[in-house]
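Several structures are given next for inspection.
Next come two complexes, and both contain chain A; in the first it sits with chain B, in the second with chain C.
Up next, the complex of A and B:
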């Protein structure tokens, strides 16, 4: 950047023409997905305008200094528009070329306001891709939910107004794991019920032999795995592998868990760790929602989407079999990524 | 597998997107109206609307109704003079009445004397364009009135630098009558118990506080004084240190004070000493504080070793913060942010 050689400035229109694809952003807790989309729209429009402004400034410099081997482009060079406009900055007259409304942003899946984690957004024509991916079937998401035992609130979140307090001294790790595996087993049965096949038919057998069934459409939530990650009463952290789940569903799950443990429970924190093949490490922090980072992230996301969503489809659906299965599966997929 | 094939076709279609998929808002289309070779006379007649400015300067052409000032540039030398000055006229068409006003102005009669006046009163040349961009209504004010308003400041013993600061920071100050400004200054002196010198300092530092909505400032004052219980001297300290705090929305103010005072446990004196911290969004304070908390470096007490000042906590870039305060690599900080 600091080289003295005159470099032809990038054209915002060229960048804009290629600005299509999926972006994996990190949604912080405490803001809505709509807010994230609005921020992204504004940032991209502002950065594109900055590119154009830099180009105008360079063109003005270039005209006066007459150095550099690139030509002043006609869009910026208002002198070519006729004598009345010679030497004027056209932006002052027409306003920024890119407005936030010009940038189309669509979500692939949603995250609740209190949740954080990777959020997939389609930008411009990537919105069509997001719709196509959504249409192709739900992806497994992994959530890390921290719950607090012994408390119930009106919003099911720890920050809500308390409605009930309960003892939790009787809850042990073993008891929690028993309840979790009970829930998981119930959901595995549900999985086959959603397919509509008789459970003792040949078709159901073939389906089961191919691995865990995946719901076709955005249908009822299905949990593939539930695992206690940390047990430090009153706080417990569980990992939920599921698809089609909503933020409200996860809140209810924690509340139900509390009820089954003969106490009450609220959600303290809910973090998404993985959305299909997209992990936290792919996600862009809000401070990096800038044109260059977004462009790089789009290229990366295309590769990840092509790999993770076409060939090893079953790998991303590997359920957690029980305690200890999760980390191994996760380590396996990490190793697979490193091999690639 | 059927779904896998469908996904493959989805990802394949990524690479054959057509080049121009979206309207690209280039400025050229605007300039086609301006270019004398292509007069916009072939445009279909727009529905009659008296609120839109009517262009009558073009010889032989029917009146053209437009939503922007761009078509008038070729005909209006005055508009070109404003553009040459650096005035951004692109937002004016969204403000009711402004385009009509501007098109009726004459350079020698209306604009030049007032621009000269502003410059003589202390608005530096590089701020003139920003001034007019924000407040073109200044061209409607009588020169005598403007002179009286500047005289008032001189009579109140504002120094020349202070007057220059007042006028260039707040383009709307001169729109207020002397009586109104006098009432406002008296009100703020009473509300916060300011001496004349302090009042002049405040007006020079943040003139838009004086001309902003009084009820809003009173609401902010209520939040800080009654809801959070700051002392009168601390209020004054906050006001003179960072007057902008009183222009924040009440919700933001409550949110930030709640976090700083109730969650981080900072004393009122500490917050009043560095009111700058109140101008940062609470998530920024939260992220930095939690990072330091994890590292056990969250020590905001000046009398003990390892003191971190609030200005260094939030007023630094992430790089500076990680290097000087947290003493960790930026990458670790970014990873930490994804665990929130």
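Up next, the complex of A and C:
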């Protein structure tokens, strides 16, 4: 390893100064959001410390670096370093420069523990985006929920303790789709009564006549679309397009669906495919939660957010496409003209 | 500075955390985290509950809502509740009628404070509940000489049809009279006959409060359907003629005069030679649609319902209305508003009041289209189109192909069924967990005939 470098090594302080923004990570199932935040904090701190280590390693004589014997006073190239005391690796004096607690990571969205999907986190100053995102309005999310018919458990998840078994041979795809369309239509009134405008005003009428409306932030969950993607009893997969929903709401939805079908149902898997303008393609896998990947993801998210989130979102909604093809828009409809 | 001091004290812990955050390894293995492990045999030991079998077919249901005090909703527990609760004045959301679970209800009609249901049963074919001051739901006496003015549960109406194979196919209710059509093409009426609305001679000082008269109206057979206005009745025969009788001061008999008449005679005017399939009237303004999709109107026009053909406030001769909305399949006429539905699934409204296009449109002489997105069609459900329009006295309702029911207008006693008593100026969907097939609207209550999903 040469001690003279053609390019000055990166300084962790420079990276740290620029490490602000929104990052979209993929939260795996079985992991809490807090846990993901903790892991991200630790990984970023570790990577930043590694950058500093590399910088000091580059400044030290190659022989000492090879032996790793830090007790011996190293031969330093003081030209590349600062004051005399800086010749010693500060990690030995004061510990690593970057602690996980220094990296501020805030959640900008929520996902249940059993759910997987894109999770928006704000890093350092990105935490302030939470208020801006709330102001922009609730995002439409697309979930792919796999349910198992014929079983009811205490936690409404398939891994829970079974409490009931029911016959499901009578459930056909047509019956399921009829119940789904009824459920979807039932939310029409909710949608229009929670726009934040007085329901009997002209503004509310004009908003409603444009199509599905976005609810205000503090409104109850609203479902825009329910489609049966796969029907293979006892397993059915449903795509849910909704706003303001929570993980518990989706579990209850599946349980209610089972009741409506005269059987029981539990959730096997719940994947979030999309959160507003953020797809699964924008989400960073846990193995890639490293400094360079996070930095690149922040830049991508900035572009996506700038396109989709800076201005207050339109009050009327167009269907959000899942990866398997969402609700087919009629030719020449609003959805075809204004995508996001 | 504080950071470095803190990091000194925590250096041991932080070094460990830098290598492996606690808990990562644990869940990476894929084992579900559960405090108390679950015995996998529990599921096998549970019995399998069978709620319905593969051969079960969806059933009919009846939902009612609105003003409850007169008993029109058919639910006795609303007026005489158990557990010492207060009786309901009104019900602002749909409630399933137990009567329809035990009987096969094929048709339902709502009058002014009462409901009549056609039931497929060999013994009794017609049931009614609600107000009975004019025997509009038959003679109902708990003991002789003491007629019931208010009936809180559906009770059978005795009709002069003995053949068990003959069913009641259509029912209509007016202010205080009822008319129905049987499957053999005969038309019958009962209730108040003060203006001849029952199609029989008006008898002076006739007591309607406990009157068992059910009159078969002599008409050319077969009669296909019947519609009741406020105090008049219109029978539509198979050949498309409309026979009217009853109160005629607004010209609603279509006879060219403003006299009331007990004889049921065909309405003339532009109806000559036309084959009428549907007639709609809830008060005094009558709309009729022919087989070819033309709309005809006669009766009250005080709210510019017939402004397209006349400036007068009454029209006593049926006129073809040049609405310009294409081929019409269904019509509805409220007290001050009119609505039509064409074959493209578009609903047009005109008249005066809460037309359904927001607060700014409260009067319109020409038909105005209601945005299809308000009636259930949007990018998420593009195939949902309206299939019928029904009106009460103060509100309108639309049923769609997907089984949705949308209502709007004046919300008297929660008649809109939206969960409150506020008026609504554009269509909103009523939450009914079944597919709505037919709706009947009264003044302040509604009934919906529905089909289960499963």
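Basically, the second predicted complex is superposed on the first by the 267 of 340 C-alpha atoms of A that agree within 3 Å, B and C clash if a C-alpha of one lies under 4 Å from a C-alpha of the other, contacts with A are read in each partner's own complex, and residues count from 1 in each chain.
Throughout what follows, a contact is a pair of C-beta atoms (placed from the backbone, for glycine too) under 8 Å apart; a residue touches a chain by one contact, two chains touch by 3 or more.
Remember, predicted model here, so these are calculated numbers, not experimental data.
Of the two partner chains, neither chain B nor chain C is touched by A:237.
Looking at the shared chain after the overlay, A:300 reaches neither chain B nor chain C. Once the two complexes are overlaid on the shared chain, A:206 sits against chain C while remaining clear of chain B.
In the superposition on chain A, no contact is made by A:229 with either chain B or chain C. When the two complexes are overlaid on their common chain A, residue A:246 makes contact with neither chain B nor chain C. By the touch criterion stated above, A:94 is placed in contact with chain B and with chain C alike.
In the superposed model, A:129 lies in contact with chain B only, and not with chain C. Of the two partner chains placed around the shared chain by superposition, chain B and chain C are both touched by A:102. Once chain A of one complex is fitted onto chain A of the other, the partner contacts of A:290 are absent, as it touches neither chain B nor chain C. In the superposed model, more residues of chain A are touched by C than by the other of chain B and chain C. Shared contact residues of chain A with chain B and chain C: 30, 94-97, 99, 102. The part of chain C that touches chain A in the complex is made up of residues 3-4, 6-8, 10-11, 14-15, 17-18, 21, 23-24, 27, 30, 32-34, 38, 42-43, 46-54, 56, 357-360, 371, 373-374, 376, 378-382, 384, 402-404, 418, 422-426, 428-431, 433-435, 453-454. Those residues of chain B whose C-beta lies close enough to touch chain A in the complex are 1, 3-4, 6-8, 10-11, 14, 17, 19-28, 30-31, 34-36, 68-70, 73-74, 80, 83-84, 86-91, 283, 318, 334, 337-340. Only residues 30-31, 35, 38-39, 42-43, 45-46, 49, 94-97, 99-100, 102, 150-151, 159-167, 169-171, 175, 178-179, 181-182, 184-186, 188-189, 192-193, 199-202, 204-206, 208-212, 224-225, 241, 260-264, 318-319, 327-330, 333-335 of chain A touch chain C when the two sit together in their complex. Contact residues on chain A toward chain B in their complex (touch as defined above): 13, 16-17, 20-21, 26, 28-30, 75, 81-82, 84-85, 87-99, 102, 104, 116, 124-125, 129, 132-133, 136-137, 271, 280, 283, 285, 287, 302, 305-306, 309-311, 313.
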